[in-house]
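In the two complexes that follow, subunit A is the common piece, with subunit B as its partner first and subunit C second.
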Partner chain A sequence: MDDHSQRAPADIDAVTGRTTTGHEWDGIRELNTPLPKWWLWTFYACIAFAAVWVVLYPALPMTGATGLLGHTARGDAERDRREQAAAIEPMLARLRAATPAQILADPDLRGFAMAGGRMAFANACAGCHGAGGQGAPGFPSLADDEWLWGGDLAAIEETIRHGIRAPDDDATRNSLMPRFVADGMLTVAQAADAAEYVLALGGRSTDGASAIRGAAVFAENCASCHGERGQGSREMGAPRLDDRVWLYGGDKAGILRTISLGRNGVMPAWESRLDAATIRMLVIYLHSLGGTEQ
Partner chain B sequence: MFGIRFNHGRIERNLILLGVLTLITISIGGLVQVIPLFTIESTIERVGGIRPYTPLELAGRDIYVREGCYTCHSQMVRPFRDERERYGHYSLAAESMFDRPFQWGSKRTGPDLARVGGRYSDEWHVLHLRHPRELVPETVMPDYAFLDRPLNYADIRERLAAQRSLGVPYTEEMVANARADLEAQARPAEDGAAFAARYARARQMDPDGNPRAITEMDAIVAYLQMLGTLVDFSEVTPERLRQQ
Partner chain C sequence: MDKPEAFAPDDRNQPLYADRVRVYPQAVQGRVRRAKWAILIACLGLYYLLPWLRWDRGPGQPDQAVLVDMARGRLFFFQLEIWPQEVYYLTGLLLLGAIAIFAATALFGRVWCGFACPQTVWTDLFMLVERWIEGDRNARMRRDRKPRWSAGDKARKLAKHAAWLAIAAVTGGAWVNYFTDAPQLARDLLAFEASTTILGFAALFTLTTYLLAGWAREQVCTYMCPWPRFQAAMLDADSLAVSYRDWRGEPRGKAQDPGAGDCVDCRACVNVCPTGVDIRDGLQMACINCGLCIDACDGIMAKLGRPTGLVAFETIGNLAAAEAATRAVPPGPARCGAGMAARRPARLLRARSWVYAGAMVVIVLAMLVGLALRQPLSLEVLRDRAPLYVRLADGGIRNSYTLKLSDRRHDAAVLAVAVEGLPAGAAWQVLGAARHDAAGLPLVETRPDGVAEFRLFVTAPHYALPAEEGTPVTIRLLPPGGGATQAAAATSFLGPRR
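Now for the complex of A and B:
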């Protein structure tokens, strides 16, 4: 049996002057072009490196899965977190110890809280309230001085910590806008009159007779929360109705829908998701964004 | 170099030798994938709170899979500091132990959803799924307004049974009451005591505000709102998170 690979590569290719492998197909012989030595030794070095790596780092699940160095990705993450926490802890400790008013009075603390609050807002709040706090239909603007539940430091902190109608927080802010038509408390005609009266509160009514009929409906059904003149109530989170700021649309169709089917917006409670210092920074940031109410 | 000159010619001419050596080479690749599965028991952390999905959540999960949400959203908070800052505690193996199949994903066009539960209101999810750009102007997420259609849950009992056959610990009682539990969760006005007894920390909800119909929207929001909420991390010690 003719064994090509065993044959000494004595053949020299006439054209290139190089040796051949001895493999021959129909008179054509393959040039012997071995891998470059530098490449080959790099390859061997990689294998040696891998052998060491497998022992030091987690690669063999049967041997404890952490390797000789005891490395884990979770351990790394935890160490990273501790290092970062240690770096900013002095500022966070001052934040936690200070009252919001003291934070506002201290330029260092205030600057730190504004920067941290802006980051926390972008992550936790912007999805609903908009990147600049401008709000969206159904999600209040935080960039104006109109507040449903109060816009001073304490009220903002209370809202962030416990949310509004948050299903998983017993101390959450709670109130109920009934479904007046859907639950049979008002007829559609009565609701339409009430909507016309609400328009009149803002000086926008176009149907005086309907608005006058609506005044009685309003006094009986709406005034207990929204006030006799629609001035609103922060205790119940009942919006003002005599201005031009509307959460769910201020045209007659929107108002009629609200009266008919109710509106009960929900804001999550953040106390269990954000630490105390982050909430404090958010309060400072939002207070500056929304009118700095005292 | 090693005394015996390596001779591939001999391997190539001996069919049985070639077959055996090929088998050995391929099985190394296979073993690398299979062996870690033998340690699965020690991979899953010993944390409390994990339960199988409620029937409504399971139906929502099926919609999540059907719509391919995993192609843009991962469900895996990795153990890095920046991920912790944005999403919260890193994901645990225990949190997807009842996922058949898991939805970890590998691509984030949108944000990770492993801890999205409770971050937004039910209403936000409904409005956002219908028309994402009304709430987040810069998003490229498609509209899912068509989910406002009745949920087909005629086979919900079989779906639970199928999960059970795969090892998800649904009890016979849970399977038998699958339909009733689904309807109880989607109708907050009804008494949900029996449902709540079977599924801890599950909330009755009607996200789309339409009490006349149980829609696909209700189901997927129920699923999204429970993601990442089962483990109470304030009660989890490092000891319990240790794998092995």
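Now for the complex of A and C:
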């Protein structure tokens, strides 16, 4: 005790009479407020915990990239993915067994399919058809009421499974828009007349004489697929020509180009890439974008 | 606290790390102790029994009065049912709790710490058990000083820890009861069928209760809890806090000593203190304002035939006023009378009381108004953004919307969907709506106690297109056949650039 009380006066703070830590910054000294010993031991325990942790988990080079426990973040993620897949499997099984109409009638199934379909659509479809199915030149809009091959649930499912003109699917939907001018079936003048007639079908013609000449060309070359009045044919995926929805541009230059060089858009077949439940979910989601056909 | 010399002899030798000074609080009787027992019984009774209270909510609904249902995302509080998106009610409660503590501290010092804080309540309970099994202060100190424990000592220590663990287990189990059906959990526990999640949480709270109330005790208040560090900001000259009336007690001396004050330096106040402080050093951080020293001192004063209240709930202002009034009066009954006469009643209605009360009233009113205006049915409309609109084959324009109907009621309702403010000739349909009411409006069915989603398509003919900047429309849910609007939401109907 005595030798402590002989401590140099600088160690005692004049105002409080308490000891200082001896640390000084610009004349300001720090009062000594002792830390409880159990706190200190808690720190030591944490250090010991960290030492064990470092060996068990990937941190030290000699324990490899996995630590002694064989842990990897990738493995964790993979396990989570498997657990989630297992958790939703009963729902997926119900989806596979149900018809699209049954899914629509069941709020639980429908909600699940809408959520899953939204993800699948973003992954598989949005690249061409747009994030909301709005389409782009050459890629049909899925949100409007014009469907090349049919817009009811069954037709949508058929299109997704087998694609359009998909080279690797035997059951794919096939049709051909010929290259009328490029292959010498029509002259450029005939094609221009036919294009003018197509404009007339939608009430947009500005050259009556050309359109009348084009009517004959249309009847001979186009009507077999697109219909006498351009009403289209879903059996052949031949678009309506008398409306306001145009896949490749509806002005005269666009129509003339289509007649001259043909159009044969391709959609992949998804049956071999997506499982049946995912396709079901896609059908439900896709139909909800603009699905007014039952 | 203008007595630095009081610190000097000990603190001069302080090392950087402090050994724990064991506190052996002595049993004490008195008014404050009785109040603390009453509050302890009320708090613990509420905590342990509340989950067992039943409340009928109809078939298929939980019948527990207070329940946080994690799986279904619902908080049940008697008739109230809070959904996860209404977390602001919890925010309101937390704000209310914080301001209530501020207000209580400003008026009555740390009454929360001393009487109602769970750390204090459970520590008090654990100390009671400790006294029953190990004896009072002196017996415990003697036992702990022994170099070797006898078999009886060991048995008592063992019994104490077993009792503590049992209380802790009941406490941890009660905590879990707030998150699951209490009777069902009890049956599951008896059948060894409780889930590992539940057992894990129960074990966690068992362990923390045992450690905090049995071992850590006052260390929680002095080293872990932030509240003691800033409580001084709440206190003013009119705050009632447990105080030693030094003007009356000093100078300390023997009872027979004619020149001494009323404090006989018996250390009864120190011996009963659960945090081991000396209240005579003045207001200090480690004092939790529990008032047990008041009971201890009153007992001694009564024995000596002196007025009680040497330690009392007293304001800083009164301490100063009495000090000033008695400076010239010699110790004894005259001094006591002069000091007490100089006091004035604590002012409870001060500016800060009004501010705290006002803030609490505003929060309570906001929450009550929010609850009163809460609709059982609400409609949220999400307008499709990609594409903003769709051109249809006949030249018309279609906008698509997702309707989200939240229905808190427990029976499904059928509602008709109407869209107001559309251009003439416009029409709407709900995807999958097979039925329509007499007016031809599509009918949708709500999802009881849940959210139902529908797709709404609104179409305007090519001869009456909406403006590019959008036509404001209102979507209403009506009873089939007409009637008062059940829910409505505003949105817009967009068309192409013209």
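Operating definition for what follows: the second predicted complex is superposed on the first by the 211 of 294 C-alpha atoms of A that agree within 3 Å, B and C clash if a C-alpha of one lies under 4 Å from a C-alpha of the other, contacts with A are read in each partner's own complex, and residues count from 1 in each chain.
Everything below uses one rule, namely that a residue touches a chain if its C-beta (ideal position, glycine included) is under 8 Å from a C-beta of that chain, and two chains touch if they have at least 3 such contacts.
Note that the coordinates shown come from a computational prediction; the quantities given were computed from them, not determined experimentally.
Student: Using the superposition described at the top, determine whether subunit B or subunit C touches more residues of subunit A.
Tutor: Touched residues of subunit A are more numerous for C.
Student: Mind working out whether A:D76 is in touch with subunit B, subunit C, both or neither, as first, second, both or neither?
Tutor: A:D76 contacts subunit B only, not subunit C.
Student: Would you sort A:L40 into first (subunit B), second (subunit C), both or neither based on which partner it touches?
Tutor: Only subunit C is touched by A:L40; subunit B is not.
Student: Is A:S233 touching the first partner subunit B, the second partner subunit C, both, or neither of them?
Tutor: After superposing on A, A:S233 lies clear of both subunit B and subunit C.
Student: Check whether A:P268 is in contact with subunit B, with subunit C, with both or with neither, and answer first, second, both or neither.
Tutor: After superposition on chain A, A:P268 lies in contact with subunit B alone.
Student: Name the contact category of A:S260: first (subunit B only), second (subunit C only), both, or neither.
Tutor: A:S260: touches no partner chain.
Student: Subunit A residues touched by both subunit B and subunit C?
Tutor: 4-5
Student: Quick one: in the complex, what on subunit A touches subunit B?
Tutor: Interface residues on the subunit A side: 3-6, 61-62, 64-66, 73-74, 76-78, 80-81, 84, 123-124, 127-128, 136-139, 167-168, 261, 265-268, 272-273.
Student: If you look only at subunit A, which of its residues touch subunit C in the complex?
Tutor: By the definition above, subunit A touches subunit C via 1, 4-5, 7, 12, 15-19, 21, 32, 34-40, 104-105, 107, 110-111, 114, 130-134, 141, 143-146, 240, 243-245, 287-292.
Student: State the interface residues of subunit B toward subunit A in the complex, per the touch definition above.
Tutor: Where subunit B meets subunit A, its residues are 7-9, 35-36, 38-39, 78-81, 84-86, 88, 90, 118-124, 127, 134-136, 203, 205, 209, 234, 238, 241, 243-244.
Student: Tell me, which parts of subunit C touch subunit A in their complex?
Tutor: Counting only subunit C, the residues touching subunit A are 4-5, 7-8, 11-20, 219, 223, 384-387, 390-395, 398, 400, 429, 431-432, 447, 452-453, 455, 457, 462.
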